[in-house]
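There are two complexes below, and they share chain A, which is joined by chain B in the first and by chain C in the second.
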Partner chain A sequence: MRIQQIFLAAVAVLAAATMSAGAPSGGTVTGKVTYTGTPAKAKAIDMSKEPSCAAQHSTPQMTETAVTGPGNTLENVVIYISEGAPAESSAPSSPATFDQKGCHYAPHVLAFQVNQELKVTNSDQTSHNIHPLAKVNREWNKSQPPGTPPLSEKYDKPEFISVKCNIHPWMHGYFAVLTTSHYAVSDANGEFKLPNLPPGKYTLTAWQESYGTQTQEVTISGGETKTVNFAFTAKPY
Partner chain B sequence: MGKLLAVALVLIAIISAVPILMHTWWMPEDISTHGHMIDHQMSETMAEAGIAFVAAQIVLAAFIGMFGDKKDGRKATHLPGGAKAVVIAAFLLVGTEVLALGVFGRDAWAEVYFKPAASDAMPIQVQAEQFAFYFRYTGPDGKFGALHPDKIDEGSQNFFGLDPANDVESRDDIVAASLVIPVNKPISLMMHAKDVGHSFYVRELRIQQDFVPGLDIPMHFTATKIGKYEIVCTQLCGLGHYNMRAYLEVKSQEDFDQWLKQQSQ
Partner chain C sequence: MCIRKLTKLFLGFVACVALPYASWAQQGESHVGKYTGRADAGKQLYYRYCWGCHGFRGDGNGENWLPTGSYPSQPYLNIQPRNFATATFKCRSTPTGTLPTDEDLYNTLVRGVNNSNMPSWITLTSQNRADLVAFIKTFSQRWKTEKAGEPINVPAEPALTIDSIKHGKELFTKLECWKCHGPEGRGDGPSASTLTDSNDQPIRPYNFSQGSRFKCGTTNHDVYKIFMTGVDGTPMPSFADVVKPEEAWDLVHYLRTLQVTHKSPELTLWMSTKEGAEYVASQRVRETPTGSGVQ
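Here is the complex of A and B:
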């Protein structure tokens, strides 16, 4: 009797373990973002106006309108499911963090969800003002002196928002506010991965700040992994 | 009591005059070809205003000292014939002083504002914006590309709104965040504001000129000493005004050529 109970309990635990491991086993889309043509040459940023920031860069910070990697790959491209994505029940509880360090935005492109908390931190010894130029959402412009707590904000509509600092005009970044939780930002090798996709037909959109957007269709059935690559036409100017 | 006040007035006048005579908080060294005229004008103004100030304080003290404590029951009376003659005399005196300053200072003013820049002056465009200065050089072709405000894009450092895709002249334009110039070379600055009113102030150059939105304001000078100097905005322009500055770097011709070459790479 006792042995039987232990056996049953063990089976239940095992079953629960397999189920929880199996639940997110949807399909995956991976891929690479590349460019053809000649991208604009990155320019060195002169931070002499703000010595405390200039001192943090041993080599000059470069412009990031098109950050390229080995093999003509593109970093900082947002890839997300623009059509066919399952409805989102709620925004993630963890905040998306945007840091200002060395008069530079990290990351350059921050993707997060509608109604997800956005936390803006200032790691510099100088004041910044964060000015996201929202057009669909409400626009705001907040000053953040050094040593002050992080700013907390939210956006309630999807939008790609250009972010700048008026005190340091070279600082520039983007917020990608998305409705879906299925998104990725291409890494230094231009690679991205969208895991846990339930079976279905999806439209994937890739967004690059200078080169615009591209879309591709992909159908996922079961736990397969599909490769979708994007290639942008680079502009020299 | 009147005597004490008289002594205090004289002391205040003398103590105020000492740091000015001693140049305690004087202007930094002049590094421009026209600056000595401005300095001369400043000294003249200081001397005139200083003498008038000290004299007025001493006369005031003398009257207080002589008549302040009188208790002989006499009432104060008007000057015979009223104050009219004194007022006219004061107007003439002050008017002459102001006019004289204007006449003596006309060369300094003309040097900066009326005389055109030398024909071999190097053209540089300055843009003031909330909250930074940017400087544009023509590049090898000697020509500035046209400005297209709709093309302004901070992300790609296109602060001026150049259109290199369609405008060949703008392709070699050099945009820098510091004003780097060769020593002893006339510089012709064309100043314009992107947003609100700003000011271009370099103490050592003895230049302080406002930017006015919508106006291209010419300014010219020659720097005579190699070094690094601060350019500050002296017109309250918004929340980042305190941080609106850039540097003027005066280099030797060789160092300047090298810098320019680096920038155009």
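Here is the complex of A and C:
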């Protein structure tokens, strides 16, 4: 009996060791998202109609249709594997959270998986209505007054969904509902990283809310790191 | 023994052949009370009465919305007809984001949609309307992959009291209904002028003071359903997650008092209080028409 227990414990330790060691052995795709041309100028948002929100911003909140960074980089671009991705067994158990703070969506673009829990919170002292304008999935619209518990929702089909609050028309955001767990959203420097890719041939798609999508092929063999950069043509309107 | 075996075989045959047929047949059907609507019969009616506005493909782009030969298009209608291809419907008994029941669609045909170009179709027979419901459901795949939502539970209406109206008034403020509908329910809240529907068409919040019929029915029960299910495709959200059922009735009672030109038990009771009488009186003055004869 005792020997069996020790044996089981040893197996468990070994399994854990190989699992943790197995993860970094996959390939990685890193890259940068940039633009050419002239993107639309971000405009200052007038929140004077909602003083409790206006008070939360020392400098005015800016519009986010194209958020640019140093060196013509683009933030808030969703990069994901659109073809060749390994099949997903189930959606992650941790929820994707979307907060309303200062009459602003955080994050502006939220990427998550099909059937993953979406948690929407309201950190403001005012009511919001969360209205994701889904076309493929169901379109719902829910009120969330201050102090109410988070809303929990799920989407069962992949889709890029525009989200708005009808009460505060300047509030805009996006849900990127994806079938794959291999996705990233470009950061303030336009950089992204897709780790843990098993060997294979993939199609990478980059999506920007104003400039549409771009695709590139990449082949991963083993534990290498490949660089894939995307460049969007910016439009000034 | 042998007969039993044969019966089993027969039942198996029935299950294999008849059941899929039955579920196939159901997709072209609607069920409203004792009426069973059939899509093929509804099709004839649709292409006689409905397609001028709702379009050949049911996408709301009928001749009356997109007249041929005019560019840019000058619609004859001020509100775009419903697009059946998206299967998003305003008047439902079911939660936000779900498909309406056959009865919900049927009731809209009976009622028409106030403040729009959708008339009441009481001139058709009940069977006709059930047939149309069945056909309307063929425009979206959603009816094949999803079931209609479960109608929300509406508890019995409690007795009307002044406390109920007052609590409803508090809720109207707390839930910020006034942001769109205005502090006096006149449809002039701070966000009212910026509202658009899900097709980016401008849309106005309901003005209670005019006392016109609600879009989705005239009874207190209907008012309850409007804010608990939301008006899908419009800025009006569902409050089902944030309002308790008993509180919802208080809100219904208060909303009635905002319809100052519409006689109701709620308005009568509200006006019997000093606060209510003064308030309603101040509202009515503003309803005085201007023009000849006004001094």
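Quick notes on this structure:
Following the convention adopted for this analysis, the second predicted complex is superposed on the first by the 216 of 237 C-alpha atoms of A that agree within 3 Å, B and C clash if a C-alpha of one lies under 4 Å from a C-alpha of the other, contacts with A are read in each partner's own complex, and residues count from 1 in each chain.
Note that in this section a contact is a pair of C-beta atoms (placed from the backbone, for glycine too) under 8 Å apart; a residue touches a chain by one contact, two chains touch by 3 or more.
Just so we're clear, the structure is a prediction, and the values are computed from it rather than from any experiment.
Overlap between chain B and chain C is detected when the two structures are superposed via chain A.
When the two complexes are overlaid on their common chain A, residue A:Lys135 makes contact with chain C while staying clear of chain B.
Of the two partner chains placed around the shared chain by superposition, chain B is the only one that A:Asp46 touches, whereas chain C remains out of contact.
When both complexes are overlaid on chain A, the residue A:Ser143 reaches chain B and chain C alike. Using the contact criterion defined above for the overlaid structures, shared-chain residue A:His168 touches chain B and also reaches chain C.
Once the two complexes are laid over each other on the shared chain, residue contacts for A:Ser94 go to neither chain B nor chain C. Ranking chain B and chain C by residues of chain A touched puts B first. Of the two partner chains placed by superposition, only chain C is touched by A:Leu151; chain B is not. In the superposition on chain A, A:Thr126 makes contact with both chain B and chain C. In the overlay built on chain A, none of the stretches 40-48, 148-156 or 238-246 of chain B clash with chain C except 238-246.
Counting contacts by the rule stated earlier, residues 49, 126-127, 129, 143, 166-169 of chain A appear in both its interface with chain B and its interface with chain C. Partner chain C is touched in their complex by these residues of chain A: 49, 126-127, 129-131, 133, 135, 138-145, 148, 151, 166-169.
Residue ranges on chain A touching chain B, taken from their complex, read 40, 43, 45-50, 63-65, 126-127, 129, 143, 162, 164, 166-172, 209-210, 235-237.
Those residues of chain C lying in contact with chain A across their complex are 86, 88, 95-98, 174-176, 179-180, 190-191, 194-196, 198, 230, 232-242. Only residues 129-132, 134, 153-157, 159, 164-165, 176-178, 238-240, 243, 245-247 of chain B touch chain A when the two sit together in their complex.
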